[in-house]
Every structure is written in C-alpha cells, then in structure tokens.
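Read through the structures below before going on.
The following pair of complexes shares a single chain, chain A, combined with chain B in the former and chain C in the latter.
Presenting the complex of A and B:
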C-alpha cells in the first residue's frame, strides 16, 4: 500500500511538469488555486495524470474539499486503500 | 453488458408527440435507449427506453405518496447518471415539474456550490430534492434551512409506499420542466417550458435541423443541466427512438479523446458541442492518436451555445481528417433555453458558411458589407462570422434598432423572436419576464444579429456575458464580489471583457477607490483576484481608478461599454508611454 508521502511526492512531481516555469516554489501546503494559480482545465489535466499513475478513478465529490497538495494526497490515499 | 442497438424494428417516428410521456411510451416499444460510460470509456450502465418507462412509472407512484400538489417543483441534481433520467421522467408521469440543477464542483469549491444550490432550491420553491449518492452531501447541506418536505436518493424514493392514486401524466399545456439559464449565478432565472413548446422544438430539430434517419446514433458529453445537453441530446434522441452514448462532462474535460473513441467504436452519427469542446480535443490530441479513430460515420457535428470562431473548428477538422472526419459535417446552430432550445440551423452536409464583412463599416455603422475573404488588405480590414443558418419553421424574427424599428438586410440590431417553442416566462419573476417577452409574444434574445435573406448571423451579445472555457461569466457576478469588500461601495465597480493579444477573452474590472497608500491598494487587488478565481474560476485584471472615472448612464446605471472604451484608451496610452 502507498504511504501518504509517496502519494504526495507523485502529486508534487506532476504539479512541477504541469505548472509553467518561473512560478512560486511548489510546496505541499500551498493553496493550489490561490498560490499556485491552477485553473480549472489544469486541474483536470493533473487529475488525469494521477488517475493513470495510481490506476484509480477519482470521484467528482472529492474535489470540493481539496485546497492543497496535502489535502489531495490524503483524499487519494483513501481512494487507493478502498480500491 | 451490451449497449442498446442502433438498428431496431420499431418504425421511426420523427417526434410528432404532444407530451414527453407520449414520446417515451412510443420509444419504450423498441429496443433502443441510453448508455452510460465510465471515465475510462467503458460501458457502465444501460437504460433501454422500455426499462426507463417501467422504472419511471413505478417511481412516480412512490413520489405521489409524498402528497404534493400537481406541478410542484422537484429539484434534481443533473449528474450524467441513469438515476437523474429516471427521476426526470418519473416527474412527467407523476404530474410534477422537474428542475435540473448543476452538477459541477470546482477544486475547493464546496462552499460556493452549496450556496448556488441553495439559491436555486429557494428560487424554484422545491418541494422535493433528489440526487445521486455522490451529490447527496451537497444537496443536504444546501437544503439545510429551506424546509423541503422530501430530500433523498433513488433508494430513498423506492422505500416510499405506493400511492393508491392513478398516474396522471403531464398534459400538453402543463410545464415539461423548469430550466435555469446559465445566466448570472446571483440572480437565477428559471425558464418555464410547456410540454407543447418543448415537443414542438424536438420535432423541428428532428425533422428540419438534424433530419434524423434510420441508422442514426447520438454521442454526448454535454451536461443535463444545460439546454443543449438536456433537450438536444437527452430528449431529442428519445423523441425519435435513437440510442445515445453518454460520457460525463468532467470525464470528457479530463480525457477529451474519449469522445472520439465512443464515436468511433459505436459508429456515432450525431454529436454536438460548443466550439470550446472541439478546441479542447484539438489541443489535447497527441501525435499518433488519430489513426486509432474512425469518424467516417459522424454526419452531424453540431456547433452552438457560444459564438463560433471558424478557425477553432477548422483546426479540429484538419487534425482529424486522417480519421475520416468530414469538415462538411459541421452544422452551425443557434438557440437558447428561452426557446426550448433550437432557433436556427445551418444546412446539412454543407459545413460552415462564413460571411466576411468590412470591419470598419461594421464598427462605425453596424452595417455588414460583404468583402472578399482576402484578409487584411490595404483598403479595408475584414471580420469573419459564421452564418447560423435559417430560422426553423413556425418562428418569426425581426432585427430592430434601439428605438424598436425593424432593420433592413445586413444591418446589425437586436434579434427578436416569436414562435411556438418559446417559454411561458421566468418562474416567479413577472418583472424580468416582461422585460424580455412582450404581450404580443415577441422575445428579445439579447443577442446582436444581422440577416442575409432568411439566414441569421449572430455578431455578439447585447447582454454583457462572456464565455470562458465553456463557463458563462456575468459582469454582475464579478462586480458583486467587489461590492462585498468594505473599501468598495455599491456601483463603484464595473466589469467587462476585452480581447488580449492572442484573441482570447479576458475579464477586466475597474474599481473607483479612494485609498492612496501603495500597500493597502495591492492588498485589495490581491484579495479581489483571489476571490474571483475562487468563486468564478477565472483570472481578472483589476484596475483601481480615481473617483469619477467610470461611466454611468443618465439614469445612473453602469455603462460597461463606455467604461470599457476608457480602459482600452488607457492601455493604448500606457503602451505608447512605455
């Protein structure tokens, strides 16, 4: 089973390739929209990569409670456990 | 599991029904129906019209036991899911009025979504609110202090006892549904559409717009809380007994290529999208993907719901030509929830018809003088518009100037419509209804158009709304966020949209503000940008300006158009100075 840190590591890697260079340093507790400037289309690209990386389906009702990469890692870990 | 077939033995009946129940009762005699696909493009549930009829009738009996008066509103979270479809038709059999509500949630958007649902539930005075299990927590929270007699999931309704009453399906003069326009989220407008009006629209789409024939099959990722998805791709196929393959909107947005996969594998012939969907596919397609698709069956690639830019669709067609996509399949259309759905259609198998006009004449005199499509030459500049085609039968139209006079051919003005598919009004809002719908039945579309014979070309919106990534954004909603700040008074913010150097639409808000110190000004700008991004999901340029800068009409209403010109002059001056 994947540990929280492994999942988080993967999320940060995907963020690093998705976000344009020269932006703020990517950290686990930054607000994905406010601090990192993700728009709704970029969010979907990131979800696609995460679904493929972990071979999971991310339900729609997970997203509204996610603010930071840490939140996302916590939600994903729950999904990975249950699948 | 097997998807419902394309070919079957039931004779094709082209939408000549007077109620939705009549249409479903006929379709239920065949083998076709709705198919739902997962986020990986695998078939995950099948709902033949025959089963839908049985389930909807049985659920209707249960719903009647709640003891609601006829025509009561039943709010439904319109997720792309079989439960929604069963709920929707159960209302038809039970004599209740379904109200599809948005099923869209943004990252960190819980609060805003719950607030939006609450406003809509309140506005339609819902007596019942239903959702799939996935959306139930949001619905329950939104309905918290609204005193709605029954809130539940499919299973909750199934647990109700059967009513002893006989089913009395909705008649032609009763409402078919209440459709919230994708208008301002603060000030919702629920469009009332009767059975007769929507059935009329279904029939003209089937017989004159798409000209449905045996062997057709539809594919759709359009949301059910939007008129093009609900009427165009859920009700139209049912009213002509076609099978449909559905993909969730989010799954399409995440993996746009799934749309092409479904069309290829199921030999889909009819699919619609706003230009934004074609653009998304063209951008996300990878080299080498194209060989995997076979789009030769796709005979109607409808485009509507926002201004169509020819270049966007041309890029899609070019990239997918090797997969057998035919550019002639593009079908421009124009419509809106207030007209059930369809108003005009281009001609089939002709592709897009582009009208090139002189830009200066257009800007200065509102005249659309045709010019050769040569591009920017010495003598003149040209602008291209997509011709939206001819008005569907039983509609009248007029293009009027600001004094209400009818304008001649190729002169731009406000587009007014009259016809059998029109709404009865906005629910519970007579004032707003009177503003757009006259006593003698003329509806002001709020769009600017010119005509060429009986063909209509839409050039812009008189309404101030714009569409970014498929989402409608209203300046009022941006301004409202500003007015909620302590430093800003009501009426001191004006938002509008400009084109950036790449031709994309960009939101700008000018705010009159007295603060002179640098740091508080920066704080205010940052706070506004953050809240706008959170609530509306867009970036917005914020300009703080001295008092007296914004333009207002003599009656004190904001003049966004005039303020936009001030902004454009300002940036032109700034760029000259730098």
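Presenting the complex of A and C:
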C-alpha cells in the first residue's frame, strides 16, 4: 500500500507539470485554488492524471473536503486502500 | 466577511468582461419575429444559436393549442404535480410520450433541468454509484450532487475509460448507473451508444440517455440517438426536454420499468415545485404530433446542418469532424472568439459564445445551432458572415 508521503509526492509532481512556470512555490499545505490558482478544469486534469498513476477512480464526492495537496493525498490514500 | 465577499473574484471577471466584451453580457432579444429572426440592439438578426431545432416555437398548431389552453385553464397551475398541479393535459402528455418512445411509463417534470435533478438524485442513493460522461450537462452534475450516490466521471466518449472504471467497481455488488447524452450540448458530438450498451450488458448495470438535444433530431422517427443506434431496448431510462425540438418548456423521463411511478413519491424536485402551465403542456403535445407527422422537418434540419458545416470547414474554421445541428468553433482565448462573435452580430447573425467552465476543455466556443426553420438563404447568410470574418482563421 502507498504511504501518505508517496501519494503526496506524486501529487506535487503532477502539480509541478500542470501549473505554469513562475507561479508560487508549490507546497503541500497551500490552497489549490486560492493560493496556487488552479481552476476547475485544471483540477479535473490533475485528478485524471492521478487516476491513471494509481489506477483508481476518484469519486467527485471527495472533492468538497479537499483544499490542499495534503488533503488530496489523505483522500487518495483512503481510495487506494479501499480498492 | 460580508455576504457577497465570496463573489469578489467573479465580480473582477465580470468587470473585465464588461470593459472589453460588454456586448456579450447585455444581449436582449427585444423582439422575436419568428423561429429564426429577432431584434437585437434595434437591428433585425438571424438567430443561429437557439436550440430551436425544428422551429416549432412559431408553429401554427402549437401556438393555437397553447392559446386555447391558456384561455381554458388559465396562466398557471399554481401547484405541485402531487397536489392540484396534475391536469388532464399532463396525464395525456405522459401517455403520448410513452406511445411515441414505445415505453411503459413516463413522468413529466417542470423543466429538463428538473427532470435530471429529480431522476439522478432519486434513482440511486448512498452506497450506489453513478458513472457519468465528463462532458455531461450541468443539470446532470447537479442531480448527482443532490443525491447521495458516489459519483465518478469517465473521459468523454471513451468506452475504454468507462470499462476501466466498471472493472474497478466489479467487486462492489451495488447498483451502478451510467449517464450519457444523445448529442452533447456544447460540441454537438454523439455518445458512442452501441459500445456503451455492450459495456452496460457485460457488467449488468443501468443506463440513462439524456436525449435533450437529440429528440426530434436523430432516429428514423425522431426518438433520438437510442433509436438511431438501434439500442432502445437496452436503454433503461430516457430523459428529455420540451425546450429544444419541442419548442416549449418542461422535461420528462421514460422507462420500461413499471416501478418508475414510484419516483413521483420519492423525488423532491418532482414534489416540491409547481407543475408546467397548461399552455406549455398543450403546445408540447401539438409539437409531438408535428415530430411524428412531419419527418421532412428533420431532413430540412440536417440539410441546413450539413451545408453550414461544409461551408465553415471550407473556410478553415475549427469545427468538429462530423456535421451536427450544433456546430461549435473553439478558440483559445476570449478576445479571438469575441471578435468573431461581435463581427457576426454586426453582420446581423446571432450565435452563442460560451465561456469556461461551461466549455469542455477550457477553451471559448462560438456555438451555432441550426433549425429546420432556417431557409437555405438564411444558412447562406450565416455562412457568408463567417466568410467575411475568416481572414483571421489559420
């Protein structure tokens, strides 16, 4: 099973290639939308990349509780565990 | 924080739009002269963005039926379908839709939006799963949100991606509902329904097709994509709207499940809203008769769609590969799209401009929709207006 840090590392990697260069430094506790400037389309793009990376389906229901990369890593870990 | 502070970002975007693309925010149809003509900013324009696929908003029989109903039964029902809001017309329309679609049961709702809200929030709940195409309409997303089911998107029109997700759910032993659309509202493309039906049967799950943009448009009898793809028996639920090819307002769900009627008692969007006015029900009934008796309208619609699609393709506009009554041109940024949209309006042509997040991939769309009521000359005028602006195309 993937550890939280492994999942988080993958999220940060995907954020790094998705976000435009010259933006704020990517940190695990920054708000994905308010601090990192992601819009809803970019969030969906990132989720699809994560689904492919971990071979999981991410239910949309988990997203309202996700503000940061750390939150997302926690949710993904639960999904990975359940699948 | 004041109550409106959370809209600050939206206010900034709106101000920006007002400053640079103000006309887009302030379109008012000052006069509607026919199914294809209106007056905007004091000038007559050809309407090429109304979803009025068969042009029935000005059909004589529909108008007459609507006028008679309003005189006979008044302007509104002032009540829910569960109380005083079920009139004989609602019941008759449900039966006529069942006959038309060759299904056992139909429920009529107040709008197409409410139909999706009602069905998706009620048919499946906690512990069950909805698998929806990523490009589905907002009403489908909102219906999913209102219910308690787990909601999983699959990549648009991608049966392989859908199957991957079905495989992951195989151990779950729960009810799964796939949701797709007949024709997708933004890009005008169709669901690969035959392939999706293969998966539905292989995994023993349920399937809803929202035929909002394909009813009256596809199929030998106008029953939509399921009829065209010859898979009607494998579609469990058909959702539709009266506000497009039927030229009024309202929505429905039809099914061969005899238990569909139970939704009436379990669905809050059905119970807690007023029913459609008799005038809308009456014109919809008349429009359904027109769809059944005048297949030539579909032929005319498709001739118009193919003609405009060919002209735009020849001009170098980035349109989808297949002709469709919805023809969308994608731009990377709003300035490019607005220049064409405004140029078209200057040339007396109205099309829709659609901004993200309402567009599938974050681009800006100029979206044309054709009508059987467009004359060949009007289609030529629409194409000529695009031609006069085409020097900017790659």
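The rule is short, and it goes like this: the second predicted complex is superposed on the first by the 83 of 83 C-alpha atoms of A that agree within 3 Å, B and C clash if a C-alpha of one lies under 4 Å from a C-alpha of the other, contacts with A are read in each partner's own complex, and residues count from 1 in each chain.
Operating definition for what follows: contacts are C-beta pairs under 8 Å (C-beta built on N, C-alpha and C of every residue); 3 or more make two chains touch, one makes a residue touch a chain.
Source: prediction; values computed, not measured.
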- Message: Looking at A:48, would you say it contacts chain B, chain C, both, or neither? Reply first, second, both or neither.
- Response: both
- Item | First (chain B), second (chain C), both or neither touched by A:17 | neither
- Partner chain(s) touched by A:32 [first = chain B, second = chain C, both, neither]: first
- Item | chain B versus chain C as contact partner of A:83, first or second or both or neither | second
- Message: In the superposed model, which partner reaches more residues of chain A, chain B or chain C?
- Response: B
- chain B versus chain C as contact partner of A:61, first or second or both or neither: both
- Message: With both complexes superposed on chain A, which partner does A:40 reach: first (chain B), second (chain C), both or neither?
- Response: both
- Task: Please write out, lowest number first, the residues of chain A touched by both chain B and chain C across the two complexes.
- Result: 39-41, 44, 48, 57, 59-61
- Please name which positions on chain A make contact with chain C in the complex. 39-42, 44, 48, 55-61, 83
- Message: Please output the residues of chain C touching chain A within their complex, sorted ascending.
- Response: 134, 144, 150-153, 155, 165, 168-169, 356-357, 361-362
- Query: Tell me, which parts of chain A touch chain B in their complex?
  - Reply: 31-34, 38-41, 43-45, 47-48, 51, 57, 59-61, 63-67
- In their shared complex, at which residues does chain B touch chain A? 38-40, 79, 103, 105-110, 113, 134-135, 137-138, 248, 250, 253-255, 280, 469, 471, 530, 533-534, 537-539
